[in-house]
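Across the two complexes that follow, chain A remains constant while its partner is chain B and subsequently chain C.
Presenting the complex of A and B:
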């Protein structure tokens, strides 16, 4: 049985259902990333687990025990808040020591364990400082240390890297998994950055409209998203989604994309005659400045993003496509508009129902 | 730049003089004999005398018709007792109530909070006569306890509403974080909520102390000389033969001293507490 179970959890504020019948099971020691667009209810979800507010319906069970009547202080949960929620009138040391003090751990033990945790997170030199004297990164590490020091069975991390600068965020992406592994905690990590989700999670659960729409290892979500909604959330540049209606042609099933006709793989024959949404990621689109039999389009703009070149392509029918390729090719210093010929790698094509957006 | 600076200095001085002049004049009067005070036109040049203060401290008031005893030192003591206990009682009752109003939504919560506030706008005279009758029949007339109780009308709403605002500013996340650390909500209240609202509690305590200290009408009606505070005590200097302006002035100086000292010290603490941004993480 799963260690942490969320069973049909719902919570509404006024008439707005923030969490709507959400269920998920998490194994002991698992690192689950809950990913969703801002305002999708991620924070409320964590608060329901922590017991800060009662759910309207549903239950949270830890190790088989229902949490319905258990106060937050008795749930054995550690939590790091997005805004850190450090105690402003206590030093970093006393902030971190708080979970140990509540358990009446002997003072020598407290000193030892706080120092150990602080050393691991490299804040041992600022333990005597008040929160207002700490940098953003130090505050974030202090909050993290406080959530871990008591070795709680469940650790909730509410977008802890949201408010730190890019350098610390980068460092922490390496450091967090290492630290968390040492504490063998079951972790729920909430973020709205898909790269963070993909980098950190054993499994990513996508929270949309108050419910989990897909929960799978990061690569699987990226490679086969359940719906157009989820497909759009992962990827930079965003996935290209175009309405198509495959029809039988000379060479099997064909579809019209951006003014050109492309043949579909044989296993997609079932799509013939069906209105659907065709999705393809930028990296699966090849762009050539010489005629190569691809779809003729215009290359309207080109810009470097994260060591890749992102290109905006326009089709004769007004369609727009984002393509991307690694830097270091012939396109690196290209400026202005050019004619281009585009090939689509349809082994990585996605098809979704044009009505409900579900994957076909 | 310097012109602007000079202008500002002049303006501040004018405003300062305007507000401090009455105080200055009262202090001056407290060192004058009645003859000097009543001289026309008034003059700041006179031979200073301490006899107003001596009369207050010794409790003997010499007038041209004879010697009268006054008990001003007892009034001073009464004021201290009444104000201090009123504030303490208001803090004990008001701080937890303020927390409840700030944190929890419950039935009739806003109505209760508003009713408590409305005590501040009700004219005291409206309730005084019925109160006097009730107090006399249940034996609370002319007791410290009775007055401290009535003073809650003044101090409790102040404490409640000021402290409530500060509690609302304390981040709920910080309280939740402390509970998740394994502390009970009572412990969270004492170790997180109260320390973080301390500047507000201090401000409320100071203000309600001053309001209690300055109250006149409740003590005038609901107590006799045994429990009456300085505000009522100063009345004794309006004698059958004359109004002893000098002694009234000296009594005033005495009576503003404690609040002045308290305000000076607490204000420093207040400003410090606020500028430290105690609420911000």
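Presenting the complex of A and C:
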């Protein structure tokens, strides 16, 4: 049985169902990332688990025990917030110590545990400082230390790296999993940054319209998203989605994309005659500035993103496509519009139902 | 559609001793897209407001083309602005908000109509043209504000955090469309942003500012590849540059671990600055994660190391791998199919031409010349 179970949880504010019959099971020691667009109910979800807010219906069970009648402070849950929420009048040490002291842990043990946690998060040299004397990164680490110091069996982290700069964000992205693994914590981590979700999660649970629409390891979500909605949430540039209707042609099944005709792989013959949405990611599209038999398009703009070149292509039928490739090639210093010839690697093609958007 | 010159420009707010902008000198070329990038309070928005005439200039000169604009009123400067706070006219429809500048310039009605249609379609607000600003979302208002600025035929276009409220998918599309438009219209453009992704995506050159001081003004490529100092090196790049404390020991650079022990060595010649690096000098070695080669062949040029994989973040089109190399934490970026399971030992190579050297005390980059460093290795 799973260690942490969320069973049919619902919460509405007035008529708006923020969390709507959400269920998910999390194993002991698992790092689960809850990812969704802003306003999808991620923070409410965490608060329901922590007991800071009662659900309208449903339950949370930890290690087989229902939390319905358990007070927040007795749930054995640690939590850290996006805005740190440190006590401004307390030193870093006392902030970190606060969950232990509220449980009347012996002072010698408090000192030992705070120091150990602070060492691991590399803030042992600033324990005497007040929050206002701490850097942004140190505040974040202090808040994390406070959530971990009681060695809770479940740790809830609400977008903790949202407000820190790139350098600290990357440091923490690489360091956090190591620290949490050492504490054998079961973690639910909320973010609206898909890269953070993929980087950190053993599994990523996608929260859309109050429910989990897919929960799977990052590779599976990226390579086999189960709907157009989810496909669009992962990847920068976003996945290209175009309406197509494959038909039998000279060389098997063909479809029309951006004004050109491309043959489908043989195993897609079942799509003939079906209206569907064709999905292809930018990295599976090749762009050449010389005619190479590809679809003639215009290369309208190049916007480098994440050390790759992202190219916006325009088709003669008005379609727009994003392609991307690593930097360091002939396109690096190109500016303005150019003619381009475009090839699609259809071994990585996705097809979705044009009605409900579900993966075919 | 003209050049924009900041000549030794400073701004001191009355009452404050500190300079919000400190001796900013920067020549923005005709038709160039420049991003002012920095965290809040770095002086980027103040610089923008001084160009528009919304803020007085304490010292120095701002020229738009040949015209000194210090004493000109905002309306005389011919600068189009998209404000971070949108500043739309609530009683006017979206259509009228967008056309406002053209109406004031008495453009022909048919021409206005055509341009509004084009720009609204580009920014995906065609459906909103008959609505009033208070009834549309923040992200939509932001696009209306952008449209109102971009439709104008001004000398300089200034966009303050123009896409901060857009959801990521739309942002990626509009970034590209706007860049296409700005280049096609040859618009001289200043974009203010705190988001390096946006700056790198849009700009021909980026001015990195910190505490009112210009740190570096360069192309996105040069900012990432040749940061002028440690501030820029750690601010720019996703992930940012690896920075290792190090020391010159004879003909070697000793890279130090967290515990200040020698983690590994590289030939001092990689720096191409042999003469300037005296024995015992404290330096910082910088290597971009993208320039570290994972699992290279044997005897690859450069410094060959073996690291233990401590994390592997798979992002779909790339992976970011964390290594422990004898007490040094190294981040490298590889393709999506790099096989680097956590706990495994993996060889990596730092090619000589990827190594950057900074003075540990001042943080300033030590010039490495333009010669390919590979030829300098003894």
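Basically, the second predicted complex is superposed on the first by the 360 of 360 C-alpha atoms of A that agree within 3 Å, B and C clash if a C-alpha of one lies under 4 Å from a C-alpha of the other, contacts with A are read in each partner's own complex, and residues count from 1 in each chain.
As a working rule, contacts are C-beta pairs under 8 Å (C-beta built on N, C-alpha and C of every residue); 3 or more make two chains touch, one makes a residue touch a chain.
Since this is a predicted model, take the numbers as computed values, not measurements.
Quick check on the chain A-based superposition: chain B and chain C, clash or fit?
With chain A as the common anchor, chain B and chain C both fit in the superposed model.
Applying the document's definition of touch, where does A:89 land relative to chain B and chain C: first, second, both, or neither?
first
Regarding the shared-chain residue A:72, is it in contact with chain B (first), chain C (second), both, or neither?
Once the two structures are laid over each other on A, A:72 reaches chain B alone.
Could you say whether A:98 touches chain B, chain C, both of them, or neither, answering first, second, both or neither?
first
Report for A:178: first if it touches chain B alone, second if chain C alone, otherwise both or neither.
second
Is the number of chain A residues in contact higher for chain B or for chain C?
C
Write the angle, vertex at the C-alpha centre of chain A, between the C-alpha centres of chain B and chain C, to the nearest 10 degrees.
With chain A as the vertex, chain B and chain C sit 80 degrees apart.
According to the stated criteria, A:37 is in contact with first (chain B), second (chain C), both, or neither; which is it?
In the superposition, A:37 touches chain C alone.
After the superposition on A, what does A:50 contact: first (chain B), second (chain C), both or neither?
first
With both complexes overlaid on chain A, what's the closest CA-to-CA approach of chain B to chain C, in Å?
11
Considering only the defined contacts, which chain A positions touch chain C in the complex?
37-38, 165-167, 170, 173-174, 177-178, 194-195, 198-200, 218-219, 222, 232-238, 281-283, 300-308, 310, 312, 320, 322, 324, 326-327, 332-333, 335-337
Taking the touch rule as given, give the residues of chain C at its contact with chain A in the complex, in rising order.
39, 167-169, 172-173, 175-177, 179-180, 183-184, 196-197, 200-202, 204, 220-221, 224, 234-235, 237-240, 290, 310-311, 313-318, 320, 322, 329, 331, 333, 335-336
Can you tell me which positions in chain A touch chain B when the two form their complex?
Per the stated touch rule, the residues are 47, 50, 52, 71-75, 77-79, 81, 83-89, 98-99, 101-103, 131-132, 139, 146, 150.
Can you list the chain B residues touching chain A in their complex?
Where chain B meets chain A, its residues are 171-174, 176-185, 187, 192, 195-196, 276-281.
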